[in-house]
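Structures given as structure tokens follow.
Okay, so subunit A shows up in both of these, paired with subunit B first and subunit C after.
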Partner chain A sequence: MINPLFYPILVPFIFGLMILWLPARWKETTALVASGLNLVICLALFTWLPLSFGCGSWSNQNLLTLDSLSGFILIFQAIFGVLAVVYSPACLAGKKGHTKEYYTYLLWTLAATAGAIFAAHLLLLLVFWNILGILLYLLVNLSPEEAAAASAKKTLIIIGGTDSLFILGLAVIFSLTGTLALGGGHIPLGTGLAYLAFFSLVSAALAKAGAFPFHTWLPEIAGPTAAPVLAFLPASLDKLVGIYFLFRICRDIFVPDFLGQTVLLAIGAATIIFAVMMALVQHNFKKLLAYHAVSQVGYMVLGIGIGTPLGFAGGLFHMLNNAIYKQGLFLVGGNVEKEAGSAEIDDLGGLGRRMRWSFFAFLILSLAISGIPPLNGFYSKWLVYLGLLEMGRSGHSLWVVWIAAAMFGSALTLASFMKLTHAIFLGIPNKALDRKKVREAPPSMVIPAVFLALLCVLFGVLAQQLPLRFFILPAVGSIQPAGLWLPGRAAFLIVVTLVLGVLIFGLGRLKKVRLTPTYIGGEEPDLADHRPTGSAFYETVREMGFISTIYRLAEEKLFDLYELGKEFTLTISAGLRKMHSGILPNYLSWVLVGLVILLWVLAV
Partner chain B sequence: MDIFYFLIFPGFLFAALVGLVFTWVDRKVTARLQWRVGPPFLQPFYDFGKLLSKEITVPKQGERISFLLAPFLGLLATALVATILGFSIVFPARGFIGDLIVVLYLLIIPSLAIIIGGFAAANPLSSIGASREMKMIMAYELPFILAILVPVIKSDYSVNINLIMLSQQQHGATAGSLSGFIAFIVCLLVVQAKLALPPFDIPEAETELMAGPCIEYSGGLLALFKLTRAMLLFLLPLFLVILFFGGISVSGWHLLAGILKIVLVLVIIVIIKNTNPRLRIDQALRFFWVNCTLLSILAILLAYLGL
Partner chain C sequence: MNRLPLFVAVPLFLAFLIPVLGRKWKTLPDILGNLATFFLLLLSLSILGISGVYAVGGWPPPLGIVMVSDGLTTLMLLIVALISFAVTLYSIDYMELYTSKTRYYSLFLLMIAGMNGVIITGDLFNLFVFLEIASIASYALVAFGCQHEELEASFKYLVLGTLASTFILLGIAFMYGTYGTLNLAHLARLISENGSTAATKCALGLFFVGFSLKAALVPFHAWLPDAHPSAPAPISAMLSGLLIKSIGIYALIRLLFNVFGFTPLISHILITLGILSMVVGVFLAIGQWDYKRLLAYHSISQIGYVTLAIGLGTPLGILAGLFHLVNHSVFKSLLFLNAGSVEYNLGTRDMKKMGGLQEKMPVTNATSLVGAFSISGLPPFNGFWSKLLIILACVQAKNIPAAVWAVLVSIITLSSFTKVQRYVYYGKLKEEWKDVKEAPQTMRIAMVMLAVCCVLMGLLILPGPRNAVLTPAVNALLAGREGYFNLTFSR
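== the complex of A and B ==
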């Protein structure tokens, strides 16, 4: 009898292998069966909580466990897996990257995610963590576009580089406590070594989740990578795994002190503001969404940095919410790119009339990410704010900075999504797009997006009754204060009165409206020639004094650790290259110098 | 019962009636400042009724559903704000923790509705106007949040509107202290911008954009937007009075004093409106992000020092 914990790892893995063997035309069906089966298994496991597994010399210690925290992440990764498999065939049909390997990698990603969140031993976690990094590289690399290879390499280097910090952290933890079991001991921060281990592990978690300053791979891969891959990995699973690990670090491995907390909070606040400012001025909507995928991590890091149950609840709930709406946004982006043939916002406009369902989903998802009540994004942000306030009450005076950054960030998020709504769905199309007669994407692409949008409404309106009660609170324990807001009542009132209002106002009157042409200056202009697309909406912000300097430096990639590292390596290797002249006497003299140094060192 | 609170008192109907009366105050004071007589008391009601009876037109190229629904969205969110603020005065027990943050976010929705409506109209002028409205939100939101943290700090870190009010009734109005006064000035300017009144009437800048985001709206839908604006003309001063002047208590003379406070704030807003020319959008952005933000930071520091 195999321990049930192996099923979510083995089932996707074996089906993934099968896809490689089976004929290519069966790949979609096999993947669908596998992900569906996986979802059923994960739901079953969730009802059997808690589970654990140990063997051999580990029999008195767990290797794999499933508790209420990993349990809810497991369910959602399985749901997202199904959505990705449902969405992909129509989106990728006829594209070069649509191979058997694509589905294998998707399934293996599910297996590796399950492994990572089950792992009760840090070495095991490290193994699955690395597999996830490699699978992301492989998936990005499948894209036939030219820029894919370079951006995949960048991703691998950033994530791989922080993985080596992960190993360093593990070594230090082992030397401090003598065990690598997760929850084997709560290490208090305060000594240099403990800080080293803490920040090493934190940077691995932040790189995976895509937080500042390790975020630069995310916008880079957004351009060339296919929408379902972006929706599946960087937008949802990487967030789940990265923030899951950050949470474990802060609650189960270390006991963060003031410095550790403050650094986390500062990273959170900086991530929110910097990434959203970059998002404001993007002209490619996939890149714009990628910057928001970075920015949203800031709220989760803030929540976890607070370090109280309330903060944890806010951070984890936001992680879940973000996975839902960000995935949905990328999927709608995929619909638009597929049907209209471009991801540049200057080429789009007026699609709301032609792609009604996608527009509907997009509007809800973008209001959710901007934190408009009563949607889910608001509720989790609101928990984070309350956590920050609680922190202020207990004497931290910097809370003002964090809360202002977080709330201001959500206004900027709204701004950037309003621009996107205008540029893609409202506004006026250009002539080429108008001639194209764009239609709604096929149902297999629309349904996942609409499903995620409805989930946003549900998790917002019934936040306390559903997600908090079943998923979040069991994982963090009960939260004070009681007497939280029940958005259900407000939402109910709004819906009822909206219906009432429309009825009283007169459906007949709203239906009988007269359509009129648009006049400007008393004439009917050629709208396609005079349309503002939205790409220039926030130029005022970009051109403002000191902000323009920051933008310029950011565009020169001065804040990109990867580019800085590259520059550094190239400078050093340029120096070394000069020594490599091919002239024998020069080499001999190098040898001589070396010998002298060696002798000197040995003699002294 | 909830429906009654939401629709009649202290929600929609009450706020709408008071709001329309407040637009009369606005028009009357404006008229007096310009040496005119001004409209009769019922004029706002006549105007509203007349707009309701007019035909609704919709631009041919626009996105119809968003265009039609946007005015309702803004109106309902405003009614919800009225209900929450009203509860905190009339039935304090029904407030909840963090309602201040909920109100702050709900107050964005009326502007959001105008933006969506303006974008959906597919008119270049309304698009530009709506994008300016969005930029105004970006501009004033930062100093607004910071300034509102001052009464929060003063009332021992509570984000419950009723607790903020009670704490002031015990320890004196927030605006009575230096930090509170500075924060109040910042909030007053933000309210000016939220209402899109001069010098921040940039989104609908008449001489450049005609009516900006509302350019294609007509008849009943325009009436709804106007009604929303009227309700905000009442609710935003009320919000300021709650946060900075100890709010209103519903007993005898106190009620009258409370109403006077709101009207006083309104009159200040009207005077600013009538004495300042419109700023450019970049000037407004700089004004809020630099001047007002620095002022609010100063206010917070002073509040920490107990001033």
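== the complex of A and C ==
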């Protein structure tokens, strides 16, 4: 009898292998069956909580466990897996990267994710964690676009590189505690070694989740990669796994001290602000969404950095919410790209009438990400704010900075999405865009997005009754939010207000409205030529004195650790290569110098 | 241990038989070469982990020459046999590019005889002779193409290689002059009785430099980046995968651990050389655009890992080092074979001219991915486990700087192999390569075989396989002078 914990790992893995072996035309069906079966298994497992597995010399210690935390992540990764498999066929039909391998990698990603969240042993976690990085690399490389190869390379270097740091951290933990069991010992920070291990592990978690300063791979792959891949991995599963691990690091492995906590909070705040500022000025909506995917991680890091149950709850809930709405946004983005044929904001416009359902989903999702009540994004941000306030009351002085960054970031997110919604779905379309030809995407692409949008509403209005009660609170323990926010009642009031607004607007329209033509310089302008474009929307922000310098430096990639590291490495490499001139006497002299030094060392 | 001499005798005999018979039957060199390596593979599997001594001509040690087999010997014999079997398989099609297969197999088998001889011998001068056989065969094989580039590389290799041999010979002279014996175990006993004299120190220094030159440790590495890329691809795989290890690292650690005795000073020297090689090698590698030269520099870097880990001197360190040594043999040979099959089809090694080959050469691409992930230390491939053990061993030995260096080097290694993948296999297919085909059958089989090994060898980390394969080798080194003496003189 196989331990039930193996099913969510083995089932997708074996089906993935089967897809490689079966004829190509069966790939979608097989993948659908596999992901559906996986979802059923995961739901069943969730009801059997908690489960564990240990074997061999580790029989007294668990290798795999399923607790309430990994349980809810398990369910959602399975749901997201089904959505990705449902969405992909229509989106990728006829494209070059739509191969058997694509579905295999999707399924293997599910298997690796399940493995990573089950792992109760750091070594196992490391293995599954690494495999996730590899699969992302392979998925990005499937894209036929020219830029895919370069961005995949960057992704693997950043993610794989921080995985090496993970190994270092793991080795140090082993030398400190003598065990690699997750939660085997709470290591207090304070010594150099403990800091080394802590920050090594944290950097791995941040790189996977895509937080500053390891975020630069995310916007890079957003351009060439297909929307379902973006929605599935960087936008949702990588976040789930990355933040899950960050939570484990801060709660189950280490006991963060003031320094560790402050660094985390600073990283969170910096991630929110920098990424949202970059998002404001993007011209490609997939890149724009990618920068928001980075920015949102900031809230989760803030929540985890607070280190209280309230903060944890906020961070984890935001992780879940973000996975839902960010995935939805990427999926709608995919619909638009497929139907209108472009991901450049300036090429689009006025699609709202042609793609009603997509527009509807996008509107809700973008309100959710901007933290508009009563949607889910609001509630989790609210919890993070409360956590920060609570922290301020208990004596931390810097809380004002963090909360200001978080709220400012939230406002900028709203600003950014107002622009995006307007530029894609409202406004006057680009002349080159033949709007008549644009149609709503097929149901298999629309339904997942609408489903996610409705989930945003549900998890916002019934936040306390559903997600917090079943998923978040069992994982972090009970919390006492200081402020009073009753989502249900608030939602009711908001709906009433909205209805009233519509009524007033409608009543106002009863009177005859006078429409007059506009004139510029005495002539009637061609509106399509003078339309406000999305890319020009926040040009003024970009051109502000001090900020423009930062933007320039950011565009020169001076804030990109990867680029800096590359520059440094290649400089050293060039210097060393100059020494290897191919002249034999030089090489002989090195040998002699080496001999003399060695003899001297041995003789003394 | 009557099977022990066969490891030298069979390839040596065939090396002379093939040129005689090969003139008549054109397919005979291929058949005999492959049979020989396959036979050695079976033979090495049959003696895995068995210790024993074979006295040549029945003369007991220290009078006669002995062949000694312990855990380390059998491990090295196995890995030599495994790689050379894959390489001979690969050579069947690849060496059609060159003219004389009979000479090729003849030199190839001579090199194997030399390497096996170095591994099994228990006699210092005998070791030198086999070392020279292997080296001279390799000089000729590097120059096999007889083009300008190959000859120049071979000449540099020859000069530095001969210098190394001279140092080693001089060291042997010091030893013989001082102790009057050449038997390794006997020398070990005499050195431990007499303590460290000036002559011993001098010999030790000379051996250090000589074998470091053969192993291409920085700063003695300068010949390697010319020699390894210039050789035909299967030979590059042999040189990088086996030769620098068997006549370099193996001989060095055998002398250090089992003859001279491992001291903290030696540990420091090995760690320093290891870190230096690791770092310098990888920085040189990442800037390269010549596919095989990039791989060659990585050999320096990876040998640095091995040296560092073994230099720690702890059981875990030695285990990690030996594990990495065998892993590196497999994945580096694989990568060279991949580079070879690209060169076979494209006729160039310049990565700037390639691109998009994954559509045309799916098997090469897939196996190259496996090799790249292995060398970069990504799971579930073998390189990951040995890298993990190396870092664990460094931290356990309280050598945090070494661990940090190992991590940094592994990041740069990963970067340079993603570079290879990106410029060679991914991206847009260039117009001029639209008619490129996948490599021929036997080349594909050889690559797939090594790629499968990369996956399976990860299992060596599990207690069962580890105790069967790796632990005896570790124990052989840990046994030190005393253990080696007792083994050789056990009869």
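We adopt the following convention: the second predicted complex is superposed on the first by the 549 of 604 C-alpha atoms of A that agree within 3 Å, B and C clash if a C-alpha of one lies under 4 Å from a C-alpha of the other, contacts with A are read in each partner's own complex, and residues count from 1 in each chain.
Please note the rule applied: contacts are C-beta pairs under 8 Å (C-beta built on N, C-alpha and C of every residue); 3 or more make two chains touch, one makes a residue touch a chain.
This one's a predicted model, so the numbers in the text were calculated from it and none came from an experiment.
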- Does the superposition put A:A171 against subunit B (first), subunit C (second), both, or neither? second
Can A:I504 be said to touch subunit B (first), subunit C (second), both, or neither? neither
Once the shared chain is lined up, is A:I2 touching subunit B (first), subunit C (second), both, or neither of them?
-> neither
Quiz item: If you stack the two complexes on chain A, which partner ends up touching A:L588: first (subunit B), second (subunit C), both, or neither?
Solution: second
Regarding the shared-chain residue A:G534, is it in contact with subunit B (first), subunit C (second), both, or neither?
-> first
Across subunit A, the partner (subunit B or subunit C) reaching more residues is B
Listed in rising order, the residues of subunit C that touch subunit A in the complex are 156, 159-160, 163, 167, 198, 201-202, 204-206, 208-209, 212-213, 219-220, 222-223, 225-226, 265, 269, 280, 283-284, 286-287, 373, 376-380, 384, 387-388, 391-392, 394-396, 400, 403-404, 407, 410-412, 414-415, 418-419, 421-422, 426-428, 463
Interface with subunit A, subunit B side, in the complex: residues 2-3, 6-7, 12, 55-66, 68, 72-73, 75-77, 79-80, 96-99, 101-102, 104-106, 108-109, 112, 115-116, 119-125, 127-128, 130-131, 134-135, 137-138, 141-142, 145-146, 149, 152-153, 156-157, 159, 216, 220, 281-282, 285-286, 289, 300, 304
Touching subunit C in the complex, subunit A uses residues 57, 123, 126-127, 130-131, 133-134, 137, 141, 146, 148-150, 152-153, 156-157, 160-161, 163-165, 167-168, 170-172, 174-175, 193, 196, 566, 569-570, 572-574, 576-577, 580, 582, 584, 586-588, 590-591, 593-595, 598-599, 601-603
Given the complex, residues on subunit A that touch subunit B span 350, 352-353, 356, 359, 363, 371-373, 378, 382, 385-386, 389-390, 392-393, 397, 400, 403-404, 407-408, 411-412, 414-415, 418-419, 421-422, 425-428, 481, 483-486, 489-490, 492-494, 496-498, 501-502, 505, 509-510, 513-518, 520, 525, 527, 530-532, 534, 537-538, 540-541, 543-545
